[in-house]
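Both complexes shown next keep chain A, but they swap its partner, so chain B is in the first and chain C is in the second.
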Partner chain A sequence: MYRIRFHGRGGQGMKTASRILGSAFFLEGFDVQDAPRYGAERRGAPIFAYVRASRQAINERGVIHHPDLVVVADDSLVPVPAAAVLQGLDAHTVTLINSHTSAADWQQRLNLAGPVLILPATEEAEDRAELPFVGTTCAAAAARLVGVISRDALAEAIRTELGALGSQLVEKNTEAALQAYDLMEPHAGTVTEGKAHSASGYARPDWIGMTVEDVDLAAPSIHAAATSVEVKTGLWRTLRPVIDYDRCSRCWWVCSTFCPDSAIAVDADGRPDIDYDHCKGCLICVAKCPPHAIEAIPEHLAQAAEETNA
Partner chain B sequence: MTRTLLTGNAAAAWGARLASVDYVPAFPITPQTEIIETLAAWLDRDEMPGRLVMLESEHSMITAAGAAATSGVRVFTATSSQGLLYGMEMVYTVAGWRAPFVMVNVSRGLASPLTLEPDHTDIMAARDSGFLQIHCASCQEVLDSVLIAYRLAEDHRVRLPVIVNLDGFYLSFTREPVEIPEADAVSRFLPPFDAESTRFSASAPTSQAVAVLSGTPYSYFRYECHLAAQNAITVYDEAAAVFASVFGRHHEAVEAYRSEDADIVFVMIGSFATKAREAVDRLREAGQAVGLVRPRLLRPYPAEQLLRLLAGKRGVAVIDQNLSMGMGGVLHTELSAALYGKPGAPAVLLSFIGGLGGRDITPEEFYEIAAVTRQAAEDGVVPPPRLLYSRDEHREVTKLQAIAHTERNELESKP
Partner chain C sequence: MNESRFKRMKDLPSTHLLGSGTPMCSGCGGLEALHEIYDILGPKTVFVNAAGCMTLLAVYPFTPFRGSWLYTAMASAPAGAQGIRDALDILIEQQRLPVEEDLEVVVLTGDGAAYGMGLSSTSGAMERDLNFLYICYDNEGYGNTGQQFSGATPHAARTATSKGPHGFAGFKKDLFSIWAAHKPSYVATVIGAEPLDLARKIEKAMQLKGPRLIIALAPCPTGWDYDPRESADIGKLAVSTGVWPLKEYVDGRVVHTKVPKQRQPVEDYLEKQGRFAHLFEPQRNEQLLQELQNSIDSYWAEIEH
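Take a look at the complex of A and B:
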């Protein structure tokens, strides 16, 4: 059975990636299970999705503990414990990272037992009409790495999953996907099916006997105020909204009202200021700004510019 | 017949569509919302007839479902977890009306603390209501069970509402290959709803009311409800047999997987049971005679089938994905009651609690459950109930508690 995990941020299309890969396997005659896993959060929050594919009926369910392939759409997730990108990786696991950093650097940083491959991160288009297709390219690269999915099956899977979005988007996604598919050509078949979990000589679970503890400890209460201030959700951002104050009309209420995270404050003169510690990069302000004074800039470019300026 | 990839939620919506439901009272809740969104989209595009009405709460939604069902239309609705509990007053009430309709519950653990992930404590809260319960282990079963549920609910010998239960995430958001039956095959299995005596008509206004009653008539009506629920064992078996003849898929009231020659048997419900099926295959490869017995039908309780399937086994491990506070696992309690004093009852019946709030159950844990159960059978001593919980997990919670403690101290030290 193939067991594949996709890690990314809400909005990057990891669920869609798992569905494209799932459909492609299905078209090739495999039994398939694909599913996303996420919490109550929205755009920018770490999410993952997974695909199982087998020639036999699939009885396994839920989170994949020992993946054959891990695809990471956003390399900033690698060190985030909650994202659990590195969970269960062994010598058999191939790790594919969408990154500007080299495979050798990632291998050196993480000391992984299995191979690391890089899907060169595309420069996110600054024109918001052009989406970077991260999910589709991740799915396509995975499809090539397993070596059992044809170009035609991949293209058909993209039509199946994205057809409702219109033919233009399907075409663009297919083009980006096939490029990623061809890019992985030298590594075709690198990812192979993992074994079943044998019941002979298994590692016994380290169960404990739960004991009753004092209610002050054992009740799930949080006795602290303003914890949302402490959590820097700005770290989730892949695109940064930047205000052009020359164009800003000081209308004062549109961007700040529509911001779902109350991350835009307006001073007495009507000047909006974005709190980048808590802006998740949902870009609703970009869409809502009447004089189009807010631009979206790839976060890693914005950070690089900050470092240069510093 | 088309085999396609569907989530459990989409499969539930397909079940409602193929059952040609007339009316869908709705209210959103994670992880159920995709069901009503799917139906709303189809209704909006005229791909299916019928009406969907958004109510202001699950309490009203279930009231509307019961009222519509007694007025002679086929009703479908869906909820989950906190929503099911919010509507609980009416869950009991409409079952007492003998209103036949189908409600899908997407299982999700109950607050507090809050979770979005599944366990069965929510659906166990509806256990004693008069709603019948079918528990699904795959997306295909979800679609098929909705169709079977209408036959069951509308049967003259039963006339009770039915809950079809599926696990959040593990089924609701998981796509699997599902065969979508052709409409004409469905019409051979499921005839149009005949409301019989309960039909209402717009031109002939009438009212249906339930009186306040003393113990004597009250007992009569409540016990009649119970007996009708028990009738549903036979009616379910008939429906499942017809279903198999029309569609070729078998959904017996109790699934027996490699249990016939097994000496150790797992008993559990829901989608995690497929994990047990996988573990059974691996344990068989390792030379162990282990099987799985999985009730699909939980209300009415298939006591006779369970006794027949478990008689003579050396040991049985019940894995409960629910928790009755101060008692333990509900399935273990009920199976103990069903087997007590019966000839051939297994000597040891062990209780394991696992999968609360979506916590996984690993293959190694199933292997260990089999080993512990085998040991108990050899020793003749039943160990106390076991929560599936590792030292590492406890360490993780201790870490959270330490952080909370530090923050609390910081807060209290502030002026």
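Take a look at the complex of A and C:
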């Protein structure tokens, strides 16, 4: 059985990726399961989706813990614990990362037992709508890596899954997908089916003794205001707004008023300051600033620049 | 009524009450409206919420608010508000709560609750002349469950449950008029993209007693399918094309607070959103586009003459 996990952010099309890959497997005669998994958080927050495909009936259910292939659509997720990208990887697991960084660098950083492959990231365009769905290219690359899905089955799966979005989008996505498919040609078949798990081999988890806490400890009543600031939604960002203070006219804090996330504070002199711990990178401030004093730069470049300056 | 303290943009708050770190989508137009509204309401508020995206705002132990929050079943937020209002009144009457510590009770729901399931309990609350404020953020669908159509979905929009070449076959309910027909103290439409108009209306609502109800059109990048950076611009287009009339009902009269002088064609608004893409490709659906334009023109023809 093939077990594949896609990691990305809400809005990057991970659910679509799992559906495309699932449909492509199905067209090749496999039994398939595909499903997305996300919590309460939305667009921008880490999510994952998974696919199981087998020539026999699939009796496994639930989240995939030991994948044969992990596809990471957004490399900024790798170090985010909540994304759990590295969970359950072993020597058999192939890791495919959509990244500007080389496979050797990732291999060194993560010290993985299995092979690492790179799907070269398209430069994050200024206009995200111009980007083909990264999910589609991830699904296409995965399709080539398993070595049992034809180009035709992939193209048909894309038509089936994206048809409702209109022919233009289907065309654009198919083109990008087939490119990614061909790019993975040298690695076709690198991903192989993992061992079947049987219920008889299931080891129960150890019991963990839980002490009974007093109610005020177990469910403390919190009287503090605005505790949500403890959640660092800045991790969702793929594009970073940066203020050019020479151009900022200290207007009537347009940026601060329109920012949905209260992430721009203005001091007594009218100087705006972006809170990167919480800015989700929507870029409404970039669109609204009257003198165009806010620029969007890819988050990975901003972080690289910070590292060099530090 | 006192004159507004919001005369120009510079009068808008430059510091904000709503905490950052919420789980709402990046670029959420509903959150944009809520953060602007909360700055005017102030911290002496208690929110009563019905199931929807914004339920996720206050997930223990995290909350972006500075006061309490009550979660009710989807149809019953105004009933929850009645309970809180009564409790506050009793505490004040028994002198267990000083009058200065009284709270404004604010219902916060999506359009699914406001236009549909919760309409009856809202009607009841108005009937009982409940002293409360209702904020509906209208993203024109059941956003939290994947944008199925609701009573607020506009004609021809694609939703998860209206995918064909013509989109949603129904028409957006006129909730403003349904609410106003109850003759409450105040009804208004607002949008986050017009913060000055919004601030004046919330300020006015705060000066009144009785049922006061606000509908905020809430551009939703996830459900309407557009790049989050466009949220405020799409909001502005909703006003300048005449799709979202900014108006208020007070003292038995409806007043339009912003009448677009030269209305932009509705296409300018529609073509920015993936949920209307089927009106433009594979080929333009002239008939449906004209229908949508006509319905806006006839609305404004009645207002303007």
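Heads up, the rule we're going with is that the second predicted complex is superposed on the first by the 226 of 310 C-alpha atoms of A that agree within 3 Å, B and C clash if a C-alpha of one lies under 4 Å from a C-alpha of the other, contacts with A are read in each partner's own complex, and residues count from 1 in each chain.
Heads up, the rule we're going with is that a contact is a pair of C-beta atoms (placed from the backbone, for glycine too) under 8 Å apart; a residue touches a chain by one contact, two chains touch by 3 or more.
Predicted model, so just to flag it, every value in this text is computed and none were measured.
*Asks:* Touching A:61 in the superposition: chain B (first), chain C (second), both, neither?
*Replies:* Only chain B is touched by A:61; chain C is not.
*Asks:* Where does A:23 make contact in the superposed view: on chain B (first), on chain C (second), on both, or on neither?
*Replies:* Touch status of A:23: first partner only.
*Asks:* Is A:8 touching the first partner chain B, the second partner chain C, both, or neither of them?
*Replies:* neither
*Asks:* Looking at the overlay, what does A:217 touch: chain B (first), chain C (second), both, or neither?
*Replies:* first
*Asks:* Between chain B (first) and chain C (second), which does A:165 come into contact with in this model arrangement: first, second, both, or neither?
*Replies:* second
*Asks:* Regarding the shared-chain residue A:206, is it in contact with chain B (first), chain C (second), both, or neither?
*Replies:* A:206 sits against chain B, while chain C stays out of touch.
*Asks:* With the two structures laid over each other on chain A, which partner does A:114 touch: chain B (first), chain C (second), both, or neither?
*Replies:* Touch partners of A:114: none, neither chain B nor chain C.
*Asks:* Counting only touches as set out at the top, which of chain B and chain C does A:225 meet: first, second, both, neither?
*Replies:* In the superposition, A:225 touches chain B and chain C alike.
*Asks:* Residues of chain A touched by chain B versus by chain C: which partner has the larger set?
*Replies:* C
*Asks:* Touch test for A:35: chain B only (first), chain C only (second), both, or neither?
*Replies:* A:35 sits against chain B, while chain C stays out of touch.
*Asks:* Touching chain B and also chain C: which chain A residues?
*Replies:* Dual-contact residues (chain A): 40, 220, 222, 225, 227.
*Asks:* Give the list of chain C residues in touch with chain A in this complex.
*Replies:* Contacts found on chain C: 8-10, 12, 14-29, 31-32, 35-36, 43, 53, 56-57, 59-67, 158, 163, 192-193, 195, 221-222, 226-233, 274, 277-278, 281-282.
*Asks:* Give the list of chain A residues in touch with chain C in this complex.
*Replies:* 10-11, 40-45, 127-129, 164-168, 220, 222, 225-233, 236-237, 252-254, 256-263, 265-266, 270, 275, 277-278, 280-284, 286-288
*Asks:* Enumerate the contact residues on chain B facing chain A in the complex.
*Replies:* 5, 30, 112-113, 116, 169-170, 173-177, 271-272, 274-275, 277-279, 281-283, 285-286, 288, 358, 360, 362-365, 367-368, 386-392, 394, 401, 404, 407-408, 410-411
*Asks:* Applying the document's contact rule, which stretches of chain A touch chain B when the two form their complex?
*Replies:* Touching chain B from chain A are residues 19, 22-23, 26, 31-37, 39-40, 58-63, 65, 196-200, 202-208, 210, 217, 220, 222-225, 227.
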